[in-house]
Amino acid sequence: MKKFLVEFWKSYSIVIVVIVIGLVLGLLAPRFLTKDNLINVMTNASLVAIVGLGMTLAIASGNFDLSVGATASFAGCISFSLVPILGVPLSIIAGVIVGAVVGLINGLIISELRVPAFIATLSMMTIVRGFTLIFTNGRDLYLFGQTEYKILSGQLILGISTPIFFAIGIALLFGFVKKYTRFGRHILAMGGNLSAASRSGVRTSFVLWGIFSIVGATAALTGMIISSQVLTANARLATGLELSAIAVVILGGTALSGGQATVIGTLLGALLISMINNGLNLLNVPIFYQELTVGALMLGALAVKMQKGFKISSLLRSRS
Amino acid sequence: MNQKIFKLITALLVLSFVLAACGSSGEEATSESRTIGFSVYDMQYGFFQDMEAGTREGAKDAGYDYILVDQKSSESTMVSATIDLINQGIDALIISPFKPDALGPIVDAAKEKGIPVVVNDIGGGGTDYNVIVISNNYEGGVMAAEHMDELISAAGKPKKVASITCEASAVYAARRNVGFEAKIKELGYEVVATLSGNSQQEQGYKVMQDILTANPDVSGVFSCNDPMAVGAAQAISDAGLSGASDIFVIGFNADEIALESIKAGDMAATVQQVPFEMGKMTVELATQLMNGKTLAYDNAELREIFVPVNLITLDNIPN
Amino acid sequence: MIDENNEIILGVQGLTHHFPGIVALKNVNFDLHKGEIHALVGENGAGKSTMINIIAGVLQPSSGRLIINGSPTTFQNPSDAQQAGISVIFQEFNLVPQLSVAENIFINREPTRFGMIDWKKMNEKASEVLKRLKIDIDPRLTVSSLSIAQQQLTEIARGLAFNAQVIVMDEPTAALSEREIDQLLSIVKSLANEGVSVIYVSHKLEEVFKVADRITVLRDGVRIITKNASEVSEDDVIFAMVGRALIHGRCPERKLGPVVLSVKNLNVDNFIKDFSMDLHQGEVLGLGGLMGSGANRVIEALFGLRDSYVDELTLDGSALAINNPRDAIHSRIGYVPNDRKKDGLLPDLSVKHNISIGIIERLKKVFWIVAENEQEITETYVNKLNVRCTSINQRILNLSGGNQQKVILARSLAEECNVLLLSEPTRGVDVGAKAEIYSLIDSLVDSGMAVILQSSELNEFIRLANRVMIFSSGQVKGELTGDQITEESMMALATRV
Amino acid sequence: MTVAEKQIKKFSVKLGWDLLWERYGIATVVLIAWVIAFFFVPNFRNPDNMLNVIRQSAFVGCAAVGMTIAIISGTFDLSVGSTLALSAYLGLMVVSTTESVLLAILVTVLVAMLIGLINGLLITKVGISAFITTLGMSFIVRGLSYIISKGGEPVRYNAKAFIWWGNGSFLRIPIPFIIFIICALAGWFILKKTPFGRYVFSIGTNEKAAKVAGVPVQRTIIFIFIIVGLFTGISAFLIGSRLYSAGPGLEPGFELSVIAAVVLGGTRLAGGRGSILGTIAACLLYATMGNILNLLHADAFVQRVAVGMILLLALSIEGIRQRIFEHSSRRITTLEIEPNSNEYQGGQA
């Protein structure tokens, strides 16, 4: 519990930002602080948070995944097309597996062909989107009236939606994995010092495959939740998800250099972006102001963080 | 070792050509017959797939060879790919431009080779094209506004509507919203929100949720395209309401999903364009141009031919 | 002493290993008895590291075999070696800075309970290990917050944390102070008494003779001798290592000129307080002390790498301010960093570019570099320092440690500096290159340069310095000159609180 | 020479292969692709077509020259796409109102350089990592350009003096390609012949050591971003002129194409190694690939897959070579040979 508080405190800066922005938006847009709206905000935050949590592991290991948007749409399409054959529960599971397999391929390319993660997943982004287009023939797949699939995005208990449970569940799971499993510690070890990890006998390739499979699976889940919201899947789904996911992780305070990760931070980062988008929509502000705000916030948050250790020498050294 | 590298390079090239060949249409240009080139906006969208199908069928019926390039929603790809097309010795160019403003170099290159240019929809960018077939976006928006007024008045709901726009860079599609908003205001309505859903279905869903929160008494929503309209309709039905009877959702394009959504009772209407027919029509116009005939323009000054847009509701939905 | 009848726990037979284009090991035989401390010595590039990596499972030999407890074995990866009871302490830091000391000690061997990592047990076990080694570090601290010496000790603790049959130590004392080294050596001995076998790799023959039962010397991938330590002298071993005898000695007579660099009341990091000194032309001033005593910080502050406050800093009588390394280089102060890999090498660049980087702006005409000048200058220094490379366009990465160090030295010399700050100039350098570097320093000083030398090897001061200032917890505890400079007197000052 | 030295020499000859591939690999691939396409791809040998291919390579190419310098120094710039759109848009605004092409060039380039300067200052003075700074900046600049244009309507201008830059030719050679080659020569000169270039390599290979060696790290980083801005500005001007128009939504994903081209050209993402020649070749390869796929009438969806696959394959070659190599001489880890056993960690930011 004490450790939990320490970790929580570490990301306090973002907690304060979340609260302040929440209050400001509440003042500006009175409907912002209604229960329904807050649930909407959290639901939308959860979508990015789920894939963001996967991305947190990838970034903690010193890697990236730019293919999550493509994977999300691919999994959504596969899962939709399987519903008539397998039924809803099995096709959802199939979607997650498909995502994990795409992730595994990413991992294999990175470890076996030694292509840097950034470029490997960038190529995979194009390839997977292309495959999805070929698979769907560029058409929409829809399940109107198939209310069973709504389980992924609908409300469960007390009006709280499934994605929120997923996000919190996955956060708890990853928090546990990070802290209490060898796999989790080895992810951090790899991110901190790759050669030390491999010389200590950590099977870095296996860990890498695991990480990317997990990222793929979380991306697939996000993709299917989005598909379930609109009951449609196509190859254009979730474009730009990769950048949102990375932005959320960075805002949350996970360092890009690897070796360290904050699961709670990622959740809060997602909440922050979702709040801003929602608040500005409520205020009827054009979308490009939202982009501007997210960009400024990202730089602002990190600039403030840098100021914490403000010293001339730290300015000299902290460039990464 | 260098042999291995060489082998790898060869393998790489062979693979790339195999891949390329897989996708090739297999239609070889013959010198006797005429060749029509079509440069499409982006085959990812159902609307343009239909347009392409119409163009292809028109070309086939007329006995032309047919070459397609895809602009993939990028203006520089639009220019380079279309010029690739022109350099293959086509006899007429049909283009559905991603950015009409960037048509200049394409039209100039075509004119230099004496190739007639038929623009299919979107816009002509003030260039020297031969003819443009255009379904009137502004008029479609107006039509949607009129229908929405009928629905809202009949239901006796408050005169408050919202408008969902495409991504900011899609300036031509934005005219639909401009037409809608102008007409609906004229009819005495308040437009409570104009927000972008980036043309994406999931964004349409999110934006609609936010509109519902900020304006629970909104009675109608017009969306710049059908995917966003369907997304918005889903958000409304997730809120326990109906997009066909509580809050009237009208989209644009008559995409398959929108028709399904109307059938399912989730959405009120959509403004139909006829991309397939437009495609066929452009081939006919190209034929006339190649044969040196003068065209009958609807607007001679801008060399425009209008294609009517239709309102599709549950009553007149095609099967 | 080793009992010949004692069982052979690890045998190496006919070991040969090829790197692309290099035969790193040629038909090497080696054996290790139970409870034996077997030292493996040789110059850099002699094949020691290759052999260790094979024993550790990091590399697989081209031919030859390992015999563990009498049965031939192959290791596919480091885990296999670990499971066979072999524990390796590598020379380079092998720690994950973001993780705790305990985790680093138990990485990949974390104690688990019901599949979960048992943090309590891990921390307890780590404290036990650290206590056994008399290391005073809280196992829950993150490694990045430790000093270099503490990190090195953590590294050693990791190697010793398991009930390994065989412990391989590759230059374990490189970053340790004398006191810590003695502590470590006594631990090694007690481990041997408990029946653990140790392969001890070191450049420092003094240490080797303190602990080793037997000594094997490698040269150019070939085993030269294996002898009982009691049967050979230090000179015999050196002869075997380099193929010729080396001359040791004391610092030659230095002719001091006027004061070059004068420092009054230097304060660094709230740790060094009011340090003052005058450095004369032709002088080698040693700054000594145990790890963490602060000598290193003084040098880094003088070179502008640390924030510092100073009342007065004068060079040749005129005041100057040094805020970053560029200022220092402009004032003709050169620096050779102790961590060559981290702070010195530009690994992807050629020897030429590594030398010329500090003076590149002086070599330009208008705004481009005059290639001939650069070529000429770098060739001059490569020849002067006898850097062994195939061409000055060769990547520095492909040189041996000693030659890399000479290139870094050449960089400072090319800057035509009058004051040279040397931090551990011979760390990780083999015996032959070490002697070359020593005589080079002699000739530089003869030609009028002033040198500040910081080292953790006290021998180095005896050989080079005509004056030594000894630090302890940030303060100068005493100054020794000439014949006063002995290991005993320096140690006495260094351990004064 | 001792045995060890001979071995080192032999080894460095062997090691030459990866450097050779790094430097000339993609150039060779381009040559082979051109030869094959010349004989087997219908219409490829049409001079108009070949000239169009090299013209096309220039638009990404100019910006890629700047990005090559950034990536060699171990940083990179994700904001070039947004910068391109904003500066091209402002340039078009200027030229369409003042009809002065010179002024348009100045505005386009200076705006881009200003954004580069801001990036550089944020990275060095505030200490935010380059990845985050430029990612955040890309959002901000993209938003700004929509706000300035009040919604995204593009500006159009087609006076001969302006569009000549993107569409004209000199002795049949496309002007953009000539400018690309000039940019590339300038980039090569900067990297290889100036102290600044040496600093770029030093920072990329080991930033701390570069600082200790007296390299003005901060100043160099700021300059690098200004130079990235400069070359991006040139690309922006050429694209604006090529398209007779520019809007704030210009070229989404441009930054990723540029980075992909640079990395495909053999520049190491982790910094310290790379070449302009490779970048030129990679830009040509991209343009050639797109052209060949179009000439073969490849399906648009298949094209996407093919382009990704080819990129992946080209980048795997070095890894595959290493593996074959290791297989043939048992297993060699990078411990003694290579400085960074972090080879496949990638994605350094």
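Going in written order, the chains are labelled A, B, C and D, and every chain counts its residues from 1.
Going forward, a residue touches a chain if its C-beta (ideal position, glycine included) is under 8 Å from a C-beta of that chain, and two chains touch if they have at least 3 such contacts.
Remember, it's a predicted structure, so these values are computed and weren't measured experimentally.
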Item to check | More contacts between chains, A-B or C-D | outcome: C-D
Next on the checklist: Farthest chain from chain B, going by mean C-alpha coordinates, please.
Outcome noted: C
Checklist entry - Could you state the distance in Å from the CA-based centre of chain C to that of chain D? => result 41
Next on the checklist: Centroid from C-alpha atoms only, then distance chain B to chain D, rounded to Å. What do you get?
Outcome noted: 33
Next on the checklist: Could you work out how far the Cα centre of chain B sits from that of chain C, in whole Å?
Outcome noted: 69
Checklist entry - Could you say which residues in chain B touch two or more other chains, in rising order? => result 43, 168
Next on the checklist: Two-or-more-chain contact residues of chain D, please, as numbers and ranges.
Outcome noted: 146, 151, 211, 299-306, 309, 320, 325, 333, 335
Checklist entry - At which residue positions does chain C touch at least two other chains? => result 58, 324
Checklist entry - Could you list each pair of chains that touch, in label order? => result A-B, A-C, A-D, B-D, C-D
Item to check | chain D partner contacts - residues on chain B that touch it in the complex | outcome: 1-2, 4-5, 8-9, 12-13, 15-17, 19-25, 27-29, 40, 43, 67-70, 72-77, 79-81, 83-85, 87-89, 99, 101-102, 104-105, 108, 125-126, 167-171, 174
Checklist entry - In the complex of these two chains, what residues of chain D are touching chain C? => result 2-5, 7-15, 189, 193-195, 198-199, 201-202, 204-206, 208-216, 272-273, 325, 329-333, 335-340
Item to check | For the chain A and chain C complex, residues of the former touching the latter | outcome: 179-182, 185-186, 188-189, 191-193, 195-203, 259-260, 311-313, 316
Item to check | Touching residues on chain A, where the partner in the complex is chain D | outcome: 62-64, 109-120, 122-127, 129-131, 133-134, 138, 194-195, 198, 243, 246-247, 250, 256-257, 286, 288-296, 298-299, 302-303, 306, 314-316, 318-320
Next on the checklist: Show me the residue ranges of chain B that touch chain A in the complex, using the header's touch definition.
Outcome noted: 43-46, 49, 168, 192-196, 198, 200-202, 204-207, 209-211, 213-214, 227, 230-231, 234-235, 238, 255-257, 260-261, 264, 266
